[in-house]
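Chain IDs A, B, C and D follow the sequence of writing; residue 1 opens each chain.
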């Protein structure tokens, strides 16, 4: 079992002919992801990486039966691409584009919310169900099928966590990188319920960082829902000075909001084990996994 | 039984202190309608016609438990008032204002559609459940409790139909004037299913007129839904020249769309009895009412 | 309110939509000047209706002399009742393809539809009737307006039926995005129920130019666009004050009455409520009469309004009898009756009046009428028969 | 990108929001001229941060001489690192009441929040902390923008806490509708994540005037607002080229590097991925070191990028050792290793380097590093300990 993406997922790639789009599509294909189409306006009728290219998402859905969009287009066009995917009736959109104007995303998020599509991202590394499929940037070699769900704001740290869990033999059900932007399609509270409902997920690793209050909301959700799988959390940015963007557009302490300590306290208060290092994350998961 | 409005309906009046608003609110109160509040921005805290006045609909809902809005404000402010009512969580909005810019209503209709509110109007005479309550302009003396549902675009003709049905002893469950504008909150196909579900309604009179294709859509719905209560229809405007607005903003034949004959044919084709005069409407209803 | 071509184009230009260079001329001399400045021009009658070309209201000329001559001819024309007050003299365009791009109210969807067709230059209704597959539509969210992806979907759908444009479709779709968004925003800003560019010309340079335009403003929203209305009035009224509108309707508008003229009819029709009056006309025709007009006095009308209505209806000498149809709800029968009697006396009305009256205070109303020798009635069909009889068969 | 007060006010004025009359002065003489023209004025330091008043950056003067003197004083100031390059000389206002009206990004709601408070003139965060009930918020649909009824709800909610305004609340609510709609539209048009008027002054004449303004443009959207950025740069840079920004960060921006400076730290930190680098800083501090910076080389970075990063980090002479933390996903360990070795040799780096490397081609990378005498590692905490040891305890 897994969440959001598996062997049956049929992916169309918005921006398949771009340099990045082409590289990562190949990586995804190599991993086993079923890529069924590309969408590049004006290039309909062509072929790329062995799949047909369409002018519009609607056409790709009709002709190739895509159900998921992988959106990897320049920032100025990304919000529109996300809305196109949502309007075409897709089930899932994964947008990795970094640098999208935040008010573009405000509009896109409102638009998406009125459709049936779940959006992951933007500015996210994507997601991976080891042994089945991945969408996005997560390196092909890091995952291993297993019992831990991972949900994270940062990319590289996610890879580290996955690698650690894999090396320790725990493995992952699905790892979801929700992204580092201030306005995201999915936040922790959107993903945690999916792990709650997935019987194969026996524990969850939550990788947060400074900025915003998604981690605090996650803690509230854990408390309110009675979520009873072990949660191991890791928060980066304890040394970050207030008012500075730490690489991610969303990683910024504003006034009294967004500090690492606030997030650590909130998560600890609902019973999550908060790790000081990635090594600790893996160890704490090992101690908490049922039957370990 | 009845649809949309009855003894339990709790009405707030947007524009209660206006000349028209005040007059018709009194008429409604005289009929027995439960008017619980008025809304006039800046007049909150005052009293009018024995009910408290609030600055906002939200306040009126919170303090007076209103569930329905009667909107009788000048055209420039009407669409906003309708949206305010919808946003405040009301169940039903009845807007009688004539002359609202059509693109204001386009926006308001889209806004309302995302809420739980059903809008009747604008530019409509409102609705009446004889013996229980009325909202709008329908003269107090015309109705009589009975078995016929009435849904109509024009006002005065509706009164005539109601009067005729009452005088003939058939009476009405509820009469709904949906209004004469090109963009309406509710059209025939929104109201007919309510009559279908109302066991007390044994027959329906549909009063249409030239312009648009709501009557044709009603005919399609009757066919598609298998609606099996007798329908008597009346269409005015057989003599209207193309391209001319016949009083109502929506009563205009545009190109090949909106002629009386097209509507008569469509309704006749699904088994509706199409009357040539109001007198005929009453007679045809009498012939078709079960047990008559 | 239908704007003239040159008004529509000025609006297009204002928001950055490309239009051909042009000059408005109110005299043949001004047309000659325009031709001197612009070279080969089309001289186009400015009337607020379609079909000018077929009526001879458009001429393409090569010289200032020809411009003067053709302008003189066209400025003397009256096209379907509309006197030509001005001509728009416009530089020609090289045409690679003619498209249609329009925004129009779709009542059923309760939204503005954005419409694109590669079959430009024809009436869009004709294209819709003969080859509907050549028309692509989207219905953008009224708050959001058309999103780029919606315009691209529209463009690829419409251009799929124009093989010569297949190659360029990506570029065209990209160019149509800002154009369609701008046109939609213009429609919204002007409260337009129709705002179309037809033809939208693709030039050899690859630009899209609005070669003709239609812009109709919602009457309910005219209060927001007074300058446009004033501009239009100025353009329609010549020194004789005639606008091309039906003069009776123009007069009714001035008087604030809801009136539609049916020229040639002999029976004036007045009632309260649009549906009721439409039905009044229907009833008259059903029994062989010819209604002359539609006049709705609305709800709660008093004696004064009735008098004004009668005066209006009788201003057409064709009217040889009047049928007043009142359902008393808010409108009180006795008040209407008094208005009718008073108006008849003061205006010295000699043609037959039949008043059908029911509802609030109907007996009192009928008593007043009968006492004054006016025919009262309670059944509308019967009253209709009566007025037709009084005016004379086949009337 | 935080605009200066006078830039914000120019934007307000452009969209029709009332602002007091004012003049920008870059010299004391210009300030005196402004006072001659405007009379009693406030002379206000133009720096892109709050708290100017407390720092002595605002003076109210009655004469051109006083304006000259105060402007000279203020123009010589540096407020929290920002040299004052210009002063805004502004006519005074009669104040009946001070309100706050602002638009700001609400991450949790994923929308712009429209905020109104009758407690204007204070930092809104302070009001939020001490008396949250005095702040009213709505979150308009991002496509529709604030509807009149939403602004009225906001207004009646906020004014309920200002008894002196109870009487006038209907009129104020009506006046706030277009103002709030305009401010929201301005924020959207400028991609502003903060766009506030504080105080919004109610004058005795009943008008609402923006007495101070804050406008921060989303960095991701700067490409749409190049003129504003250019204008701001011109206003911030004096003849010495200093902008008040951290000079290392300014340099990093010029070089296109994602860098944050932590002045005084001794350990340079470089990594790939924002979370990873943040964690690198955390690890260094955890074991007693003081990180000097955050530098993210991003995904797939090659040798060239690593070299540029090292050069940047070492430009601060406080840096006495560098910790490079690489997780090889798309980024290849061997390539990074080669970049590090090459940079060390070419730049003649003498401070200790510790490179933690795992993932793609990690063995090859570690081999290259070890061969070149650079300390490799696989565990990040261990590598952190190592660099802190090498730089020296308490570093």
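Throughout what follows, a contact is a pair of C-beta atoms (placed from the backbone, for glycine too) under 8 Å apart; a residue touches a chain by one contact, two chains touch by 3 or more.
Only a predicted model underlies this, so the values are computations on that prediction, with no experimental measurement involved.
Two chain pairs, A-D and A-C, are weighed by contacting C-beta pairs, with A-D ahead. Averaging C-alpha coordinates per chain places the centre of chain A 28 Å away from that of chain D. A separation of 55 Å divides the Cα centre of chain A from that of chain C. If each chain is reduced to the centroid of its CA atoms, chain A and chain B end up 49 Å from each other. Within chain B, contacts with two or more other chains are made by residues 107, 111.
In chain C, 141, 143-144 are the positions where the chain touches two or more neighbouring chains simultaneously.
Shown here, the protein chains touch in an arrangement that is not a line, ring, star or fully connected set.
Shown are all chain pairs that touch, namely A-C, A-D, B-C, B-D, C-D. Those residues of chain A that touch chain C in the complex are listed here as 41-44, 55-59, 77, 80-81, 83-84, 87, 107, 111. Those residues of chain C lying in contact with chain D across their complex are 141, 143-145. Listing the residues of chain C that touch chain B in their complex gives 105, 107-108, 110-112, 125, 129, 141-143, 188, 191, 193, 218-221, 223-224, 258, 260, 262, 271-279, 281-286, 291, 294, 296, 299, 327-330, 358-360, 379-381.
For chain C in complex with chain A, the touching residues are 144, 147-150, 152-153, 156, 169-171, 173-174. Here chain A touches chain D in the complex through residues 75-76, 99-107, 109-111, 137-139, 141-142, 152-160, 163, 180, 182-184, 207, 209-210, 212-214, 217, 236-241, 244-251, 255-256, 276-279, going by the rule given at the top.
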